[in-house]
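Next, two complexes with chain A in common: one pairs it with chain B, the other with chain C.
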Partner chain A sequence: MSLHGLLVAWNTIRSFFPPDLSPSYLSYVWLPVVQTIGMASAGMVIALCLGIPLAIFVGTRAPGWRVVVTLLSALRAIPDLTLAILAVVIVGLGPPAGMAALAAFYTAMVGKVFAELFLAAPPAPLGSLRATGASRLSVALFGLIPLTLPDLLTFGAYSFECALRASVIVGAVGGGGIGTELVGAINGLDYPRATTLIVVLALLVAAIDTAGWFMRKHPRIALVLFPIGIATMILNPPQIFVVRHALVTFAAMFPPLLPAQSLARLPALIWQTLEIALGGTALAVAVAIPLALGSARNVVHAGLVAVLRRFLDVARAVPEIVWGLILVVTAGIGPLAGALALGIHSAGVLGKLFAEAFENVDRAPVEALAATGAGRLPMVAFGIIPLAMGPLAIHTMFRLEWNVRAATVVGMIGAGGIGEALYNAQQHMQYQQMMAYVAVTWLLVILADAVGERVRNRLGWKYVTE
Partner chain B sequence: MLEIEALTVRYPNQPKPALEGVSMRVEGGERVALVGPSGGGKTTLFRAINGSVPSAAGAIVVGETLVAQAHGAALRALRRRIAVIAQMHDLVDRLAVYQNVMAGALGRWSSLHALRFLIHPNRRELGEAHAALERVGIAEKLRSRTSDLSGGQQQRVAIARALVQRPSVLLADEPVASLDPVLSEQILQLLCELARERGLALLCSLHQPQLAMRYFDRVIGLQHGRVVFDRPVAQLEAGTLVFAS
Partner chain C sequence: MPKSSPRRSDVLASSAALLVAGLLPARARGATAIRLGMIPDAGATQVSVDQKRPLRDYLAQKIGRAVDLIVPTNYNATVEALGNGSLDFAYLGGLTYVQAHARYAVVPLVQRERDRHFHSLFITQSAAPIHALRDLKGKSFAFGDTNSTSGHLMPYYYMEKGGIDPERNIKYRFTGNHPATAKAVQAGIVDAGALDQSVFQAMVDAGQIDKSKVRVFYTTPPFVDYVWAARKDLGARERTALAEAFLALREPADAKVLEILRGKAFVRADDAEYDTLRGVARKLNMM
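Up next, the complex of A and B:
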């Protein structure tokens, strides 16, 4: 970046301040916040209504259950933001699109995970129920669900928490709620309001963290999502939900097709997406290691730990897409903004995980090093880092997988890669092209997960510390 | 070399002191075994000697240094002169053997030197690690990964690390607790030879009295935080080493 570029970036950042805190705006802002919560609730209500029967179908091993499992896994590999772009085309801009995308994504998630829980249920009591000649539904109601209820509630609460977080960002592509407000403010060059929205959003994510912690302890609280969700659905009917229109639009997306010119650019686009993922992960690791050492209680003074942990919390609380929105404005459109956005968010995530890994190392070898009269830095280099190497590598590997998924979507807000091409195709109503990019995204995510799993299996890594 | 005078150590929130009025003296080249039931204060004594726990009363002198007065750089300088060997699990198992051995030199190296060694060890440093490993009989393991070594070999690596530290006092806290009888005797023999050969004051805690009688010059009994006897081996009979509980 040139000096001139830096100056421009600095001036842009300055124009974000001070935030718009006028009473009239503040009294308006709570509306998109409520909408965001409502969208997540509505999405989850639909997901539970569709996902639970599917899970029962799989859990009772009804004929064809393996096909359903495959379909659910396939649906889950499409990123939520990609689903949101599709939903906008079919049901129009606004909250209904967000709800539809969340509903589809979480139907797959709830269906798959509940099905796994059902399949793992103890077989003996189920067998005796079946021996009485009970129907599939009765076996589910009297056997499967009671047997797995605590896990169902815990996972249900957890996915509600995830849906709330996702609900914040589906708005970025026109799915309603606070995300749409933020994109509107940034595209309208109304930066002071954008700052207000970012602060509100960070507070909302922090509130979701706390609520999630509370819901995992008391899963039944998540039941409030039913009235909220249904109310939101009634208040926000889809603008153009006519079955014929939906079918025609959907049919127009097939067969997925790329013109020769776009096809020739495809390898470069895929490579750019992978570069964003790799670059973002590498940046995150480079930043996270020193920050994590500075926020590990067994390395530095507790005062510094408290300060650095707040930094990590902020980096983590703001989703990649929101960092992307800010960076596209300040650093310019392109893959650099995408890599930086992934890097900052991942640094927050990895920083916290790395710090925990450093704090959990075996104390005896570190104390033995201290007993030789070693200073703090050699103690870290010879003891704490090598001892934490296993967990560090595993966290990084998982993050890289996640970042491939994230890199396919940050492009939708102008940060390069396959997502940008997808978004442009949607904006130009080239739906066959759009569908081709969706298919490529889907393949990339599936491939990244498969490669990651293979590498982990080969190295014998499990997602637990040694 | 090591002199302890009326030492008392108290842990917070505990009514009885962990050590009370403990006195002893270990000269350079002398081999002293510390015996007694677990919870008798052996580990606390070692931690007090290298300044890891503060003393409530009394004094510990290592060479010319009063342990209670050493802080910061002076404490690190003191610890450099006291090598500690614990009952295994005190090596960084992900590092190569030579890296664990040379960790004994961290007290005299600058931080920069330590980092450079991790990235690119030079010939002289590798030679020093090799010589120390040769002395403990496993020179061929120089470049092995430490986690690939057996328990007895790892204990030898810990001893090699202590040699590299060039200490004047060697503290061994139950060095053979998790080893089989044959290995135990080999390790104790090695420790005692080294103490004699390099003039180290060796203080070694054990819970097998027969081993204490066989390899050491003097035996000290520690029970309920007090010294209950302190005699040369020649004046002891096996029967006197039984503790009343």
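Up next, the complex of A and C:
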């Protein structure tokens, strides 16, 4: 970037401060905030109501359960922003579209993960329950669910936090709530207000984080989702004649079709998307390692840890697409802005995970190293980092998979690649083309997941994280 | 499972009630109101919607029904909203209108006098060595929204006519809306850009653009642009009432409303005016 470019970027960043905290503006903000919470709750309520029965169906190995698993995996591989765009076209503007998109995405997620938890439940108690001649439903109610409850709750809380972040993405394409407001503010060059909204969002995610922690202790709190979600659904019904229109519009999107000219550009677009994903992940790792060392309690002073962890929290609380919107303003459009956006958010995620990995290393070898009189630097370089290499590699692999999906999402705001092509086709109402790009995205994500899983299995690691 | 104390359930119940109350007004208004949409040609936020309140109030009073004003986040969403019934009546650009007419048979009602002979302006920094379209070769350039008539379609068309191939000769990007294009040029993020003349004028008048920093170097020949159109199934009575309300706007009595609409007076619109524009849109594969 040239000196002039840096100056322009600096001036733009400065124009984001100070945030607009005037009472008159804050009185505007609460409605989109409530809408966002309502949308995320409603999406989760639908997802739980649909996803749990599906998961039970799979978990009790009812006939045809493998087909359901395949369908859920397929649905889960469609990025949330893509679902949101489809929902806005089909269901109409505002919260109903947002709820529909979130419900679809999280039904697949809840269904798939709960099903995996059920399948992994200890078989002995379930077998004896079955031996009494209990029906599938009773096996689920008295066996599967009680056996896996703690994990269900942990994952449930985590997915609500994700849904809240995702509701911003959904809002960005017209689904209502904070996302709509934030995109409006950035497009309207209203940067101080955009900053306010980002701060509100970070606080909201932090609040859900804390609530999730309480929920694991007091699972009943989770029930509050139901009145909020159901109220939101009742208060924001889609229009009456939408069903016919929705079916007609959706049918017209098939078969997916790419004209020869676009087909020729496809390999370059795929490469660009992978570049964004790889670049973003590499950047995140480079930034996350020093930050994680600085926020690991066994490496540095607790005061520094507290400061750096808050820093990581902010990077993590703001979704990639929001970082992307800001970066497109400051760094201009193109894959660089996309990679930076993924890099910042992923640095927040990886920084936290890496720090935990550093804190969890086996203490004996490190202490042995310290006993030789090694200073802090050699201790870190030859002790802690090599010992944490395994988890670091695994976290990075997971992130790379996630970033393939996210790369298509930031593509939609001008970062290039498949995502941008998809968004442009949608904007020009070339829906058959759009569906072709959706299909390509979907294949890419499935491929990345499969490769990631193979690598993880070979290394013998497994866990669920964002 | 630990017992939750009654106090906590009170807190939960009241917070749920608060959320419900917060969501209520949207529904209460939505039920019988006419839903009015505007493409986000100058960005869309609650605040910008609120600044248009005089327009909403004026229309509500004239047609005797509540009016909901909605600015979707993008042009496409505005067109689809007319198709799926989320909007009854909307302010569209020329290109979005011909798209919406082709897909959903929306009915053009009224437009500003100036929309019949609208212009796009090409702007650059005062000191830049750009004085005509041909000087754009090798330069970076900003269009507005990809679906904008005066911010993309027509500038693109006249650039081609002027011997510049936008795909080969310039490096272009979309800013999303007209004010963003003006700001991007003023800040030097791009060398030049094209935008709506009425937005540019309004920004200069309001002091948001410094006339000493930004200079117009090319003005396109006239074309037809913005129009207010009704969804196909909107009743004849509502259509007439809305059209009459716009046609009755007069300066200085309705100056506030006219300023929001960036116009002086309204005239009836019809589909035939858009034939040329439709041809350009088809030729450039934008519909």
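Methods note: the second predicted complex is superposed on the first by the 398 of 466 C-alpha atoms of A that agree within 3 Å, B and C clash if a C-alpha of one lies under 4 Å from a C-alpha of the other, contacts with A are read in each partner's own complex, and residues count from 1 in each chain.
Rule of thumb we're sticking to: a residue touches a chain if its C-beta (ideal position, glycine included) is under 8 Å from a C-beta of that chain, and two chains touch if they have at least 3 such contacts.
In this text, all values refer to a predicted model and were calculated from it rather than measured experimentally.
K.L.:
Kindly say whether there is room for both chain B and chain C on chain A in the superposition, answering fit or clash.
P.N.:
Pair status: fit.
K.L.:
Considering only touches as defined above, state whether A:Leu387 meets chain B (first), chain C (second), both or neither.
P.N.:
first
K.L.:
Using the superposition described at the top, determine whether chain B or chain C touches more residues of chain A.
P.N.:
Ranking chain B and chain C by residues of chain A touched puts C first.
K.L.:
In the superposed arrangement, which partner chain does A:Thr60 touch: chain B (first), chain C (second), both, or neither?
P.N.:
neither
K.L.:
After the superposition on A, what does A:Val224 contact: first (chain B), second (chain C), both or neither?
P.N.:
second
K.L.:
Of the two partner chains, chain B (first) and chain C (second), which one does A:Thr82 touch, if any: first, second, both, or neither?
P.N.:
Once the two structures are laid over each other on A, A:Thr82 reaches no partner at all.
K.L.:
Quick one: classify A:Thr148 as touching chain B (first), chain C (second), both or neither.
P.N.:
A:Thr148 contacts neither chain B nor chain C.
K.L.:
Who does A:Ala374 touch here: chain B (first), chain C (second), both, or neither?
P.N.:
A:Ala374: touches chain B, not chain C.
K.L.:
Taking the superposition on A as described, I'd like to know which of chain B and chain C A:Gln433 touches: first, second, both or neither.
P.N.:
Neither partner.
K.L.:
Between chain B and chain C, what is the shortest CA distance in the superposition, whole Å?
P.N.:
Superposition on chain A places chain B and chain C at a least C-alpha distance of 35 Å.
K.L.:
Flag every residue of chain B that touches chain A in the complex, lowest number first.
P.N.:
It is residues 50, 52, 75-80, 82-84, 86, 89-95, 99, 103-104, 106-109, 111, 114-115, 118, 158, 161, 165 of chain B that touch chain A.
K.L.:
Which part of chain A faces chain B closely enough to touch in the complex?
P.N.:
For this pair, the touching residues of chain A are 362, 364-365, 367-375, 377-379, 381-383, 386-387, 389-390.
K.L.:
Using the touch definition from the top, list the residues of chain A that touch chain C in their complex.
P.N.:
The contact residues of chain A facing chain C are 4, 8, 11-12, 25, 28-32, 34-35, 37-38, 88-95, 171-174, 180-181, 183-185, 187-190, 193, 217-221, 224, 227-228, 231-232, 235-236, 239, 241-242, 245-246, 249, 332-333, 414, 424, 426-429.
K.L.:
For the complex, which residues does chain C have touching chain A?
P.N.:
The touching residues are 1-2, 4, 8, 12, 15-16, 19-20, 22-24, 26-27, 40, 42-48, 50, 70-77, 79-81, 83-87, 99, 103, 146-147, 173-174, 176-177, 179-180, 183, 187-189, 286-287.
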